[in-house]
Structures are given as structure tokens and as C-alpha cells.
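Pasting a structure below so you can have a look.
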Amino acid sequence: MAERYSRTRRLSVDLVAGLSDADATVQSMADASPAKWHLAHITWFFETFVLRDHVPGYRLFHDRWPFLFNSYYDAEGARHARDKRGLLTRPSLREIIAYRSWVDDALLSALDSLSPSHHALVELGLNHEQQHQELLLTDLKHLLSCNPLGPSAWDKDLPCPAGPGEVAPLRWLRHDGGLVEVGHGGSGFAFDNEGPRHPIFLTPYALADRQVTNGEWLSFIEDGGYATSTLWLSDGWAWVNAEAIDSPLYWRRIGGTWEHFTLSGWQPLDLSAPVAHVSFYEADAFASWAGARLPTEQEWEFASASHDPLSGVQLDAAGAVTPCGDRSGAPSMFGNVWQWTGSAYRPYPGFRTAPGAVGEYNGKFMSGQFVLKGGSCATPRGHLRHSYRNFFYPHQRWQFTGLRLAKDI
Amino acid sequence: MAERYSRTRRLSVDLVAGLSDADATVQSMADASPAKWHLAHITWFFETFVLRDHVPGYRLFHDRWPFLFNSYYDAEGARHARDKRGLLTRPSLREIIAYRSWVDDALLSALDSLSPSHHALVELGLNHEQQHQELLLTDLKHLLSCNPLGPSAWDKDLPCPAGPGEVAPLRWLRHDGGLVEVGHGGSGFAFDNEGPRHPIFLTPYALADRQVTNGEWLSFIEDGGYATSTLWLSDGWAWVNAEAIDSPLYWRRIGGTWEHFTLSGWQPLDLSAPVAHVSFYEADAFASWAGARLPTEQEWEFASASHDPLSGVQLDAAGAVTPCGDRSGAPSMFGNVWQWTGSAYRPYPGFRTAPGAVGEYNGKFMSGQFVLKGGSCATPRGHLRHSYRNFFYPHQRWQFTGLRLAKDI
Amino acid sequence: MAERYSRTRRLSVDLVAGLSDADATVQSMADASPAKWHLAHITWFFETFVLRDHVPGYRLFHDRWPFLFNSYYDAEGARHARDKRGLLTRPSLREIIAYRSWVDDALLSALDSLSPSHHALVELGLNHEQQHQELLLTDLKHLLSCNPLGPSAWDKDLPCPAGPGEVAPLRWLRHDGGLVEVGHGGSGFAFDNEGPRHPIFLTPYALADRQVTNGEWLSFIEDGGYATSTLWLSDGWAWVNAEAIDSPLYWRRIGGTWEHFTLSGWQPLDLSAPVAHVSFYEADAFASWAGARLPTEQEWEFASASHDPLSGVQLDAAGAVTPCGDRSGAPSMFGNVWQWTGSAYRPYPGFRTAPGAVGEYNGKFMSGQFVLKGGSCATPRGHLRHSYRNFFYPHQRWQFTGLRLAKDI
Amino acid sequence: MAERYSRTRRLSVDLVAGLSDADATVQSMADASPAKWHLAHITWFFETFVLRDHVPGYRLFHDRWPFLFNSYYDAEGARHARDKRGLLTRPSLREIIAYRSWVDDALLSALDSLSPSHHALVELGLNHEQQHQELLLTDLKHLLSCNPLGPSAWDKDLPCPAGPGEVAPLRWLRHDGGLVEVGHGGSGFAFDNEGPRHPIFLTPYALADRQVTNGEWLSFIEDGGYATSTLWLSDGWAWVNAEAIDSPLYWRRIGGTWEHFTLSGWQPLDLSAPVAHVSFYEADAFASWAGARLPTEQEWEFASASHDPLSGVQLDAAGAVTPCGDRSGAPSMFGNVWQWTGSAYRPYPGFRTAPGAVGEYNGKFMSGQFVLKGGSCATPRGHLRHSYRNFFYPHQRWQFTGLRLAKDI
């Protein structure tokens, strides 16, 4: 546990290497948070729910910081407004790194004396931190994309060194379904929203063997997909028109060439890579245009659980962060981009929230959002499960979000 | 068919008897439409999809009115903006009644010569009209509620002549569930969104034998329900605070007495009657407070289909329009108030939209809304089915919306 | 006084002859009020400030109506929100006409026994009523313009029966200025904001002998005036872009022909008539484009007082309501369209508000608005003075607002 | 000139000593700009209007930066949106300091060879830089005030070392007025909006011998000033209610003690110091409450020009930045806080804008704003004139804005 704790915590700091204090401070939209805030918030989580609550004698690093770095836990009291996180030029990035060390020292010292239920809180904290590692990267990407200079976050090599590849024709993989079980049922860690494991009935269906690509999306654009009302959900059509949407987020056309913004700045669009940064509305409209539909989360999970080892393009300590597509010839259900499902995010039968502030982790968000599966190139490797349920509002697209088609058979 | 057509069409006009041209013209919010607009729109539906499309030689009543009275059918072209419907002081109510007669004459004359598929369009049109009869009443109620004079829509007797009744203690009815079928499968009329009929698996559950009452809701208020964040979904909590919600719509407290606004003006609150005009967010928070939950739409339908004859308090030609509660001692699953379920409104497995403009009827609204079951005191008797799926956004509450509790067993 | 009272009051009712209850009820924007509301509000003014306050034994027509028909007099207590005036489908137009009769009867009976200071309140009420007669017409015009059917308010002949005329070349009339006096100083009625009369110093200037015409405005459009940032005030340029303004209000181009909406429906644009329905921002930009400027209110008043008999196209009981231009060969400073000046609406030196609610009449609006002079085709004849100060916000243009150019010499 | 140039430019950099890159990057509201942006924008002004336009061979420091650092000069082409200035985490503060050096080197080298008209542009640039020095400080103050930690900008001593002083009773100074002249007429530098010098007529008036104090403002609060509609302009009353205003900006009450936020963090309120951070609406309401009024700008200028040497509390290189009040016994018309006048900001008779982009400096802002006189504790000493016209919108109050009373005599 100590080793895993240290490794996970270290990755967060590694991700901001090379960022300036300013880069780590600014909030580019209400949905996003500053890197500095992420680094502090995930530390606050350990400080509050482990050290403060369960380690006698622990002294808070700073008595006003909990007000600043609580995210949404009403049971923890008042807090700094979410859309004002970018106004906190103090404390500095350096001070927050010091806060992290303070908490790490205390937690590692206390680790051996903590009970199993407190170890479970540490485990929750580490999974929580991994979620924020992904958010830190996607929020940073959004921030840099707002700068007309198109800066690069770091000096790593270009995202997909091998260059654009060929895309094999899409194949449909059949699943008979029937009465099956989904949801987390094992003994390892899982978030509360992944259970209980329960039976469901699936009618036969087929899933695409890979994600939709940039090239296929370009065909959708060129066929007038964004201007054809009949392809869209009513809410989606209102959104497209109100926001003047005509391509995925971070795409632009310079002369006749499409580019997309990456953490390494503007790059030519790789037509063979999975499309990223599309909303649920766009994914749904694309599926209609393609004569298909989005899979339900249960269809996705059942197919995934049958034959997939959680591989695929995910976040590794040293790597670039871009959905390059599967070059191996063995495409995975996981990685590259989160895949929108057609399932509204609602509780599983028998779901109960935990008591106390930790119970606010997932349950209270179960309205208005849609489930995504499979993780992305920005999800830390080791973080995912077949039963993992990510969720976002249908208009949101600053995450690495794409899709895989399904159809009835 | 001719008799049913005439009877249904006549009810719409009966509902506006006693309204002034002004009452029938004003739009009190973007979600609502003027009575005049409803009367014209449901007529436009017959004129467009039956007479214009399938009756040779039919001449439009007025060539600009289709622009005014198309609701949301993109395939039918441009239309008057939804939130500007209340600006149409011309045509007058009298002219719209004349429009109705013109279309009725043409349709009744053509009825015998129409094919079965066109008869199906007439049947759809009549069900469509019944939906708008309910909306006409709820929109009118909203409009009158905005008037500080608290006017009465008509001179009918007070809503529940027998006066407030006693409420029996709530009983829980068990359902074993298992692998069952839901959705419309018969041969009669149903909307496209009610099918296909399909198997699902239900874990055992219990449903309350009646709807939540005003008296129970008052206990929720007095227990601080509207001020307790842990009872609420995150979106609901944001809504409660942004809109300063602290009671159902149309409730007010004068001195120490609660009143509610009805189509007969302000009336004392009947504590034994089902609570109405609560949002999904409120219904969900109430259920949390009560240690229960909302049923899924499948739980509701399965329980209903087992033992219920579609009875209950619904709209009859001459009656008042208020959820008086069941006085008969044989409470029904139906009537009084629409019941929020915990199910997001999404397509059933195998659902396909019909081609053409009529295909926009239901499918494109399948995001962001929740399913309601059972009909209300404003739903025309004869309009409902066990598989009937109504849907509204989770914050909306100007319909007669209430709830019935469920729990795991 | 009785004769003048009756005549003025009768005109208000004459103006709504031919309107339906719906026409008189709907509010098309927050700036405008329903005709019914105007008719009741100006009656409330007499009821409140004369009958209630000064006529013993007077009984209110309806004890809740003062809440509905107070406009903005804070000292008179709470009131119905301005932007909700259009929700009052009750009382009906007929009931409001009855209210008017009730008040008229009471006031005419009491007239002889009222003191001179109460007569002054009646005089104020009649001038107040005349202001609302103009607003009633401009608000009605706005409402009808929102209807895609383009209805006519009444069956009067087309606005300018003689048809478009020739426009003489603009001539500049010189004024030497110097130390002069402006403001109301006589013994007759004037609003409080017109005084005190006071000395000012005017540097020499010239005024155009007529108002800017539709034809001249068309040249401004065709020369790219709406797309040339350097012509505009910064606030104006923001407004033009935010609202996508590219022509006066009520103009449209059908094929190659310009039309404008009038109280008699859509009509061909008369290029010789004064331009109407332009904002201060547009008027200021036009003046810049023309190498001129707007006059100050003092320049306008001084020029007007020197040689103008308050003639010009104004509202007469039976006439049409449109700025037809001066056909007589003797152009007036008055009539046709209100003329924007370059003067912000601020108090004159020594200005004091009256005590009590009547003191809220003018003074509290003295920020953010600009002064207009001269009256329009919708201003009742007999209502104007050289010192008359009308005022609107710089973006507003639903009044008959135009301009006359000025320049330094 | 070289010495003045270097001294002025150095002060700007001195003001950000001690700020972090983050402090200098974040934008706390659309009205404010980041310190970094100010430093770059005032440099861009010299680079564009002097070096690029008039120094052969000058090479831009960075070809994309003009897009970032143009403020509002439409004639200079497209630019980064004003409310997005805080998203520019790159370039860094260090890079912007380098930009400043690059431009300073080029300009000082070229200075001797520049013509007098180009020297006038340099002079304009220096005055422009001084204006932004004040804005930099007030924008920084606003930013730090948004931080719940209440940080101090720097480690200088507390604002008013001598502590709160006694306030002498207010005395009224009479001015006879008559036909006088105002506006800039001399040969030294002035902004275009200060001229031409022109005659006006002033009726006799009196001005207070000092500014309104915090103590007097507290009496206004305690007397219910913020809740008394009759004291307020209509727009002001709407603003007070919409924004829930009940004290000057930066005031808070902790227990029974009033504090205000300063560039040295939260400090006890000095009741003897001039009130700061009030809007025009508040200043006008206070004056009504006090039975007085705001002076016109002409009244202020005439009184000031008669007997004041431009002294008073202003920004000095090393000093604190707070309106401490006049301790000398010889109160000045200048310094401490900008004084709202009752004059709308409009052009003087005969005012013309300069051709080209520099002509956008002042003229296009001449609507909707009010004139302030006298400078503040954040105005660089040496920057002011009797004819100086500052201007802000009537709701704005993040500048050091206060008032001095006037009355008719």
C-alpha cells in the first residue's frame, strides 16, 4: 500500500512538471479546475477523511485551506465557489507541493496503524486521485487551447510517433445476450456506483470491433451531419444551434487542412485515430447517420467482460497523451477515448449511498448525465474495471470522449 | 371512428367555454402555450398529415397558418418560435373555432374514403388531441395563477365536493418480479415509444398502495426537507437554491393556513388529497426523506398490469379538474396525478422512429427527461394504457405531477 | 377644464376602437405595456392622486386594482411587476372601460369643488394621459409587428395618401447663440423637469432645416454604415453587434424592395419621409457619417423657440399615425418623429423634485437616458412645448424616433 | 524626455515587484485586466504607434503579440477578447518584462531622431502608461479581494501609519460662478477630451471643503440609506436590489466591527478617511440623503482652478496606496479618491476626435458614463490637471471612487 500510495501520488506531481505557477492557477471555464486546485483537492481528501478523522494528533496544514479545496461535499460545510477556483493566485504551486509533502509524510507514518476500514479510505483516495489526474490533463488541455498562441504543455515528442496508420474496415461482433449479470461483484476495489451486481436481460446485439475514427467523423461532417435536424435529439439540435457547433471540440480547418489541438499544440488530424472530444449529442447523431446506435452500458460491459484484458491506450507515467488508435492489430475495448453509451446514469437496483460525506461521492450525480465506458489515453493504467461507470452531461466534450457503434441483430 | 372523432374534438372546444379571447391568447411561460394555440395546433395536425397529404383537392384554410401552428416538426419546415406563441393576438379565438369546423367538415367527409393507414393517422391525431387537452388545462392553470387577482377559470363547483377525507395508512404491496415483459404488445393503438414489448428482469420490490398526500408533503416541509442538502440530487439541490423553492408549485401560506391554486381559484389545501405539482427533484428528495425511492417505470408498469383496470380520477367531460384522491376504498394505480418514476426516458430495445415528420413525435425527446406513469385528473378518460410513457424534464412541475413510493425488499 | 378632461379621456378610448380583448392584453416586450394596462393606469392616476387623496367619500372601484395599475411609484407601495403586465387576462377590456367611466363620473362631479392645487393634479393627469396615448400606439405597433401575419391595427386609409413626395435639399440654418435662456419659465403647465429657466452659453451652430429622411438613411446603409466601427460610439458598436442591427426597427427587404411596418401593416418605404425608429446610437453614427453631429437639447430649444409655432405632423383624433413628412413647404421643428439630441438627460440647475409620490414623476429617471425634442406623429396635438424634454435609453427605438443634424460653424 | 520616459516605465515594473506569475496572470472580472496584460499593453502602445509606425527598421518583438495586447483599437484590427485576457498563461511575466526592455531599448535609441509630432505620441504613451498604472493597482486589489485568504499584495507598512485622525466639521465654500471658462487651453499635454476650452455659465453654488468620510457613510448605512427607494435614481435602485448592495465595495462587518479590504489585506475601517469604492448611484443617493447634490464637472473644475495646486494624496513610487485623508490641515481638491460629478461624460463644444487609431482614445466612450475629477491615491503624482476628465459607468466602483458634496446657494 505504501508503495502504491507513493507511486500514485508521485504521478500527480510529475504531470505538472514544466508548468508555470500561472499555468497551474487559471481556470478556463466553470467545468474545469486549475491544476493547482486538483493537486490540493486530492490532498485535502486524504487530509480530511483519513488524517483528520482517524489519525489522533494530526494537525491541519492550514486551517483555511479546507474551505478552498473541498469540491462538493455539503456535509463538510461551506466552501469556495466552484467557478471561482481560478481566482486563487495564493497559495502558490510551490506551497501546494509543500502541502502534499506534509500530508504524505503524515499518512505514510500512520499507514501501519490504520484499520482495514481506514485503508479502504486510502484506497478510495488513491482512486479519487487517479480520476483527478485525468481531469487535470483535460482541464489543462482546455486552458491551453484558449490561448491564441496555441502553446504546448510540454516538450514531449509528437503524440503518435509512428504517424497516421491504416484503418481496417469495421467488423461487427455479435453477442447473444440473454439473462446475464453486470456490475461489480468481486472483492477488489470498486466505486459504490458499480454495484450491486445484478441480473439483466439483453436482446441479441452487435458491437463494432473498434471506435469511430476521425476519418469517419469527417465523412459525417462532409455529408452535412451537423446541419441535418432529423439525425439529432431535440436537446442536441438546440445545443448545436445555440453553440454554433460544426465539428468536434479542438478541431480547426486551416486552408483545406484539418488540425486538432493537443497537449503538444496544434497538430494535423490523424484520420486513422479514434475521434475524441465529441458530446453525447454528437455521438448519438453520428450513430443515427451511420444507421446504428450507441450501445447501452450493459451491452458494453457484457461484451467487454467476455474477452478483454483491460489493455488499450491509457496514461503511462512517461508517455504522451493522445488517442493514437490501436496499432497492435488486437484492438481493445479499453483506452484511447471514453465511449458514450446510450444509458442515462442512474442507480443500479439495490444501490445505496454510504453514510457521511463520502456518501456524496457518486449517488447525488445520478440525474441528467450519461454513462461512458472504457477509459481514455488520459486514464491512469490500472485504474479501470469492466464495471467502471464514468458519467458526464450530454453536452460536455472537453474530456477525451468518443464512441463505438452498436446495432440490433 | 366518426363518432369518436367528433366526441374528442368537441371536448377541446368545451374546455375553453367561458374563456375570453385574452385568456386564450396569452402565454405565461415558454413551456406553456396559449389555449388558442393548442386548439389550432391539434387542428393543423389533422389538416397537414391527413387532409393535405392524403385528401385530393383539399384546400388549406389559410396558407400562413401552418407556419404559426406547427409545433416542432422540423421536417415540416420553418415555424413560429415557441416562446413567441403568446404574441399572436390574431387570429382570434373565434377564427380558430371556424378553422376547426372547416377541418372537421373536410375530415368527416373524407373519412370513409381513407385507407386503414390513413385511419391510423386519424387515430394518432385524436390521441395527440387528447394530450393537448391536458396541456391546455395545465397551461391555463399556470396562466391564471400568475394573476394577483387569483381568478377562477370557470364557475364549476369547488373541486372536491365531499370535502377532505381521511387517509388510510400507507400499505406496501409486494411484487416478486423476475423475468417479465413490459411495453406495448397488443393490437390497439399505442404511441411508438411504448414498444417494442420486451423482457426485463425485476428484482423483488414493493410499491405503496396509494400516492403521497399533501399531508405527508407538509411533514416533509416541516421537517426541513427543502433545506437538507443530503436528501437531494446535486442538480436538484442547485435548482432548489437557484429558484428558491420551498413548497410545491401553487402552494402559498396565508397566515398559518396553506392554500393551493386551482382552476377554481385559491382553495384550502386538502391534506388527504395526493400532492401535485412537484418536480422530479422534489419527488426524489421526498422519497429519500421517507427512506424509500421512486419506482422504475418497469416496476410501475408490471405492478399496474397485474391488477388494475385503468380506473381512477381522470378528466371527464363535465367534471372539475383536481386530484381529489380516491374516495372509493379501491385505490387505483391510475389517475389524480402523474407519478414520477426513477427511469430516464430512453428508447426501449429495438425502438425505431417512423419515417417522415410523424417520426419526430416521440423519439427525438429521449434525453434529459424522466418517465411518468398513470395519468392525472386532467388526462381524458380512455386515453391511458399500462404501457403509456409520459415524460418531462426533472425540474418541470406545472403538470399534475406527484409520486408513489417504492422500496427494495 | 371639464371639456378638456372629457375630450382627452375620450381620445384614449377612441384609440382602442377596433382592438380585440386579446390585442389589448398582450405585452410584446418588457419595455412595452398592454393597451388595457395603459387605459387602466392613467385612470388609476386620477383615482389615486385626485379622488382617493382629495375627494371625501370616494370609494375605490376595486381594492386590488391599484396593485395592478401602479407603474413605478414606490411611495404608493408594492405593485405588479412591470414585465408581467401581459399576464393580466382579467380584468377584461370591457371591465377597464367601466373603470374609466366610474372614475370619470366621480371626477367630473367633484371638479367644481376641487381647489386650484387639485386642479393642477388633474392637469398633470391629463398630460400624463397624453403621454400614455403615444405609448399605447407605439406599444401596439410593436405587438402587431411581432405577428408573422403582419396585421393592420385598423382599417384607416394608408398612412400618407398623397404618396411619396420630393425632398428639397437640406439647408443649414445658422444660430449665433451667446448667453441665452432655456427651460420653462411661463405660467402655463409644464413638467417639473422642464425648469427652472436658466442662462446658458451657446457657441455659434447650425441646424438642418428638416429631419433626416428614409432615403438618406438608405444611403447610410448602402455605404456600409452599420459595418463601420469608426462611426460608432463604443456602446453603440457593442449593441449593433450583439443585436445584429443592420437597419431601423420595422424595416425589411423583400426581394429588392424596402418595406416598413406601420399600424396599417407592411407598407412600401417612403424615401421622402423622415426616418423613424432609430436608436440614439444609430442617430449618432449617422451624424458622424454625414460629417455632422446631433444638436444639444439647448441648441434645439433655442432654435425652436425663436421661430416655431408648435406645428407639424402630430396625433389628431381621426388621423393616421405615420411620419409622412412636411408637405406644406413650411417645415416645422416639431412633429413627425422625436429628435434625438446629444444631451444626456440630467437635471437643470436648481431642479428639485416635488414631495410625495408625484415627485417620482421625472427626477428619478435622470441617469443613462438621452433627451429627445419635438414630438412625433403619435404625440397628441396640444401636448408639446419648446421646453418639453422627452427621454429614452440610447438603445431604445420602438418610439417614433429620428433625428435632425447639427454642426459647428 | 528620456529621463521622464525611463522613470515612468520603471514605476510600472516596480508596482509588480513581489507579485507571482499567477498574481500577474489572473483576471478577476471582465472590467479588470491582469497585471501582466497591463504591462504588455502599454508597451504595445509604444511599439505600435511609435516604433512600428515611425521608426524605420524596427522589428516586432513577437508577431502574434499585437493580437493579444491591443485593447480596443478597432482600426488596429482583430484582437483577443477582453474578457479572455486572464486565459493567457503564456507569455509569462518574465517574458513580458523582456518585451518591455526590447521596446525601451528601441525607443530610447530612436528618441533623438523622432520629430515633435512623434514626441507627442511618446508623451501620449507615457500618460497612457500612467493611467494603466492606476488600473493595474485597482485590478490587483479586486483580484486579491476575491481570495478568501485575504492576502496582502506586498509587505509595506499598514496604509495610514498615523492611525485614524479627527475629522473637522464640513465647511461650505461659496462660488459665485457667472460666465466662466473651463477646459484645457494651455500649451502642455492634455487628453483630447479636455478641450476645447469654452465659456459656460455657472449659477452660484457651494462645494464642501473636503470629501465625504467613511464615518459619514456609516451614518448613511445606519439610517437605512440603502433601503430607502426615494433617495435613489431609478437605475440605481434597480442596481442596489439586483446586486444586493448594502455597503461600499470591500467593506465587511466582522462581529460589530467594520473592516475594508486594502492592498495590505483586511484592515479596520478608518472613519476619518474619505469613503472609497462607491458607485455613482451610491454617491448620488448619499448626496440626496445629505440634502445636497453632486457638483457638475464644471463647478468642480472652476472651484479647483481658482485655488488648488494639484496637491493631495496621490501615488508616489514608494508609498502605500490608500486614501488616508488629509492630515495637513490644508485639504486639497485633489487626491485620495476620484470624485463623482453629476455630469454625464459627453464631448465639449467643438470637440473633434483625432484621425486614425489614436482617435479612438476617448471620444468613442462618450455615452453612458459619468465624469470623475481630482485623481486618487493610486494616480501617479504629476499625471493630473484641473481639466482632467476621468469617466466610468455609474455602477462601477472598483476604482478608488468617492465624492464631495455640492449645493445651490
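Should a chain be cited, it is by its letter among A, B, C and D, assigned in written order, with residues numbered from 1 in that chain.
To be clear about the criterion, a residue touches a chain if its C-beta (ideal position, glycine included) is under 8 Å from a C-beta of that chain, and two chains touch if they have at least 3 such contacts.
Small disclaimer: the values here were computed from a predicted structure and weren't measured.
Considering the contact criterion stated above, no chain is in touch with chain B and with chain C alike. Greatest Cα centroid separation from chain D: this falls to B. A separation of 38 Å divides the Cα centre of chain C from that of chain D.
One simple way to say how far apart two chains are is to compare their mean CA positions; for chain B and chain D this gives 58 Å. Chain centres here are Cα means. That of chain A falls 46 Å from that of chain D. Chain contacts here close into one cycle, and each chain has exactly two touching partners.
The list of touching chain pairs reads A-B, A-D, B-C, C-D.
Those residues of chain B whose C-beta lies close enough to touch chain A in the complex are 72, 74-75, 179, 198-201, 203, 229-230, 232-237, 280-281, 284, 342-344, 346-347, 349-350, 359-360, 364-368, 394, 408. The part of chain B that touches chain C in the complex is made up of residues 20-26, 28, 64, 67-68, 80, 84, 86-93, 143-144, 146-149, 151.
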